[in-house]
Amino acid sequence: MKREPPRTIADYAPLAFPAIMLIVFFVVPFSTMIAVSFFRRQQGGFYTPDFVIDNYARFLSAFFGGVLGFSLMLAITVAVICVAIAFPFTYLLTKASRRVQIVWLVCLLSVLSLSEVIIGFAWSTLFSRTAGITNLLVPLGLMSESQALLPGIGAVLTGMVYQALPYTILVLYPALVRLDPTLLEAARTLGASPLRGFFGIIVPALRNTIVATLIMVFVFALGSYLLPQILGRPQHWTLSVHITDQAIYQSNMPFAAAMAVFLVLISLALVGLTLLVGGRKEVA
Amino acid sequence: MMETFLRRLGFALVALFLAGPLIVVAGVSVNERQSLSFPPQGFSIAWYSQIFTDPGWRAALIASVLLAAFSAALAVIIALPLSWFLWRRVAPWANVFRLLGVAPFILPPVITALGLLTFWATIGFYGQPWTAVISHAIFFVTLPLVTLSLGFSSIDRSLVEVAATMGADERTVLRTVVLPLILPYLISGYAFAFVLSLNEYIVAYMTVGFTMETLPIKIFNALRYGYTPTMASVSIFFVAIAALVFSLIARFGDLPRLLGAMSSEEK
Amino acid sequence: MSGLVFNDVSKHFGNFAAVDRVNLSVPHGTFVCMLGPSGCGKTTLLRMVAGLEESTTGTILLDGKDITPVPTHKRNLGMVFQSLALFPHLTVGENVAYPLRIRSMAKEEQKKRVEELLTLIHLPGYAERPVSKLSGGQRQRVAIARALALSPRLFLLDEPLSALDAKLREAMQVELRQLQQKLGITTIVVTHDQREAMTMADLVVVMGDGRIRQAASPIDIYRKPADAFVADFIGSTNLLTVEADSAGRAIVLGQPVPGLSLPNGMAKGLISIRPEDVHLAKNANGGIRGKVTFIRDLGGTIETFVDASGTTIVAVTTPRERGDITAGAEVNVVLPADSCVVLKQ
């Protein structure tokens, strides 16, 4: 039972089904989408095959330039907030007992798997006038009357951080749980306080992990498409929302595809950057 | 002392942040009357039974569960032979397929959704319920692929060799050694894909959104027309399912290891 | 012939020869220990016998039949791995019954055979236990029982005792040897522990750099090492340069060794002499002059380190023979000719 290169057709057989499925239902659709991004839009129907770059050209307009800029800024802000909270939290989590860790992991996975719809609904409830947190502040005398905290950028940001935080923690978890515990102990024996040990030793040691996580969370946040709709105003719509909007409601598939291709390029560039950062970790 | 206090405080704040919205939704879900108010006025679990009795919600629930059950199964059927092949054979080029399997999960979901939308529309099956099963299977194939790859890499190869020395051929080794050992990873891969498929919105919406209502689609549609407390009860119901499934994985599997810790002996 | 024969067996990984033209004949029922430092090719050779590695050239014959093309699962052998490779998802009984089960042996018969085997390894009644609940020594025995379940033609063990502590290891060595004698099965054990090899083997095969350096009985390996590598690897020894002078006498450290002569045509070589054969005398005539630099008193034996013009010679004596030699003393080192083995350099 040696591990060896496949030799006969039969050796390749197990690969057949997965390969066909992934090629037919991922590679082909993906290519279709790229092709469609160069097609011409047909009024009242889908599109006609063609090769035009109008769809990309339109993308350079001031309006979509603004959308892109807003999407990127929003994703960056979410990524920074999430990592800032998740890093110390995950560090403390990995220091907890195995039992505590498991309970937390179950909770984090449960929240992570929650539909964006549910997250959006939950926060819209929490920020609503009739059932929101402001109702708790009124009896405390901190507020004269309850009020709605949405729609608004703050609500969008809160919802997205809520969505991305469990993801961030779970991305950081492997790196932190494998961290050599003697690292901090060594710092402690040299007289560093826990806090100084953390910022002086742990954070620099994991600098590359932090950068990689920032990028991962950034890409994750770019994918958010319902929260800006539920919790924000139209000017808070991200690229993902506009892609859906163009594809479904404006029936402009070529333009939606062009935006999607653009989004892929940004994501791929950033994932590539992550791999580069991750790869350099081995050397450093 | 300071450290313990800081840790407790940090844990409490994050817990409050994560649980807060869910507590409010849970509170809202037991309101006696159809109103969006918190703290709840009166107590009633009628909105929970509504999930199963109201034809609209029940149909959406059944559609979601069927979609999740079939697509997770298909995802496992795709991931199992692939991860087995990658473990069994020396074929570096085959890692391309691993990459293809992970890509839909890493990229923003709207991209996969749009790709599948154009694909199904082009070949003329747009809106068929089974297209959602395939779409979700491809979208979530990453999860069983990752858990199974982890499972295979955790098999000590000498176990396979020792089975061969005792007379087991390839098929027998697969049946008596390999499959029993990766079964926990297979189940967790299925469970992850199942729960995420249950909650998935955009891929389902773009592929079958106009012909079929899954629960997330139903909630979103309902949200646009105003509030019904059933949304709250469904949300809590989903949180409970996810928590239950992940607790089971933690109970019967090694959750920290699945999520990247080296081994259970570490702590 | 009956038994296991290696014909010019080699294994190359690229340009590196892990096993280099091995020729060996093992009569049926022999207990063989493959001994050598790590990376010498002994495990690769064992895995080739099991069919887990393919030989680059050469053939392996079992009872006159070439088994080289036979896949592992048809070779009818029992093997114990260094990791023991007990199936974690099966109980002790299910582990031992594994080879019987995959041959669809009747349940009753399986049960009987398992109990028989567990009795053989002194673990009767352990069938229902999970393997994770066993001690190191018990796991060891279970792995052995499982390998023997089918009464195989060949019993192969790869560093089987390396995970055990010293005391348990010695006990298991004796037990394994007794078991093999009872069953009369051809057995090959790979080990880097020369004490283990000396305790168990009929035939010790010393390997170095992929080649067999010497294959002989334990006592011959010890008393008549074939080369400096074997002499140095088995036990401890003094390796000293020897030269023939014009009169044909053998000169070691400037002094002739009475009664010792070099083979014809050899002008320079090495002698190997075991520490327990070296005699030390105070104020004696003849022999090599030296100064005692250190004495290690181990209770049962005493090791004396003597510096003779820059070369360290070690002598081992019992406390009774020690005399009044102390550190710093001038001594004469006497090398009895019949204890010296002359080796090529």
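Chains here go by letter, A, B and C, matching the order in which they are written, and residues are numbered from 1 within each.
Keep in mind that, in the parts below, contacts are C-beta pairs under 8 Å (C-beta built on N, C-alpha and C of every residue); 3 or more make two chains touch, one makes a residue touch a chain.
Keep in mind the model is a prediction, meaning the values are calculated, not measured.
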- Query: If you average the C-alpha positions per chain, which one ends up nearest the average over all of them?
  - Reply: B
- Task: Report back the single chain whose CA centre is most distant from the CA centre of chain A.
- Result: C
- With chain centres defined as C-alpha means, what is the inter-centre distance between chain B and chain C in Å? 55
- Message: Based only on mean CA positions, could you tell me how far chain A sits from chain B in angstrom?
- Response: 17
- If you average the CA atoms of chain A and of chain C, how far apart do the two points sit, in angstrom? 59
- Message: Please output the residue numbers of chain C that touch at least 2 other chains, ranges allowed.
- Response: 52, 72
- Query: Which parts of chain A, given as residue numbers and ranges, touch two or more other chains?
  - Reply: 1
- Query: Where does chain B touch two or more other chains at once, residue-wise?
  - Reply: 161, 163-164
- Can you check the complex and tell me which residues of chain B touch chain A? 2-3, 6-7, 10-11, 14-15, 17-18, 20-22, 24-25, 27-28, 35-39, 77-79, 81-82, 84-85, 87-91, 94, 97, 100-101, 103-104, 106-119, 121-122, 134-135, 137-138, 141, 157, 160-161, 163-164, 170, 173, 192, 195-196, 198-202, 205-206, 209, 215-217, 219-220, 223, 231-232, 235, 238-239, 242-243, 246-247, 250, 255-256, 259-262, 264, 266-267
- Okay, in this complex, where on chain C does chain B touch? 50-52, 71-79, 81-83, 85, 87-89, 98-99, 101-103, 146-147, 149-150, 156
- Of all residues in chain B, those that touch chain C in their complex: 156, 158-159, 161-169, 172, 176-177, 180-181
- Contact residues on chain A for chain B in the complex? 1, 3-6, 11, 14-15, 17-19, 21-23, 25-30, 32-33, 36, 46, 85, 88-89, 92-93, 95-98, 101-102, 105-111, 113-126, 128, 130-133, 135, 162, 165-166, 170, 173-175, 177-178, 194, 219, 222-223, 225-226, 230, 240, 243-244, 247-248, 253, 256-257, 260, 263-264, 267-268, 271
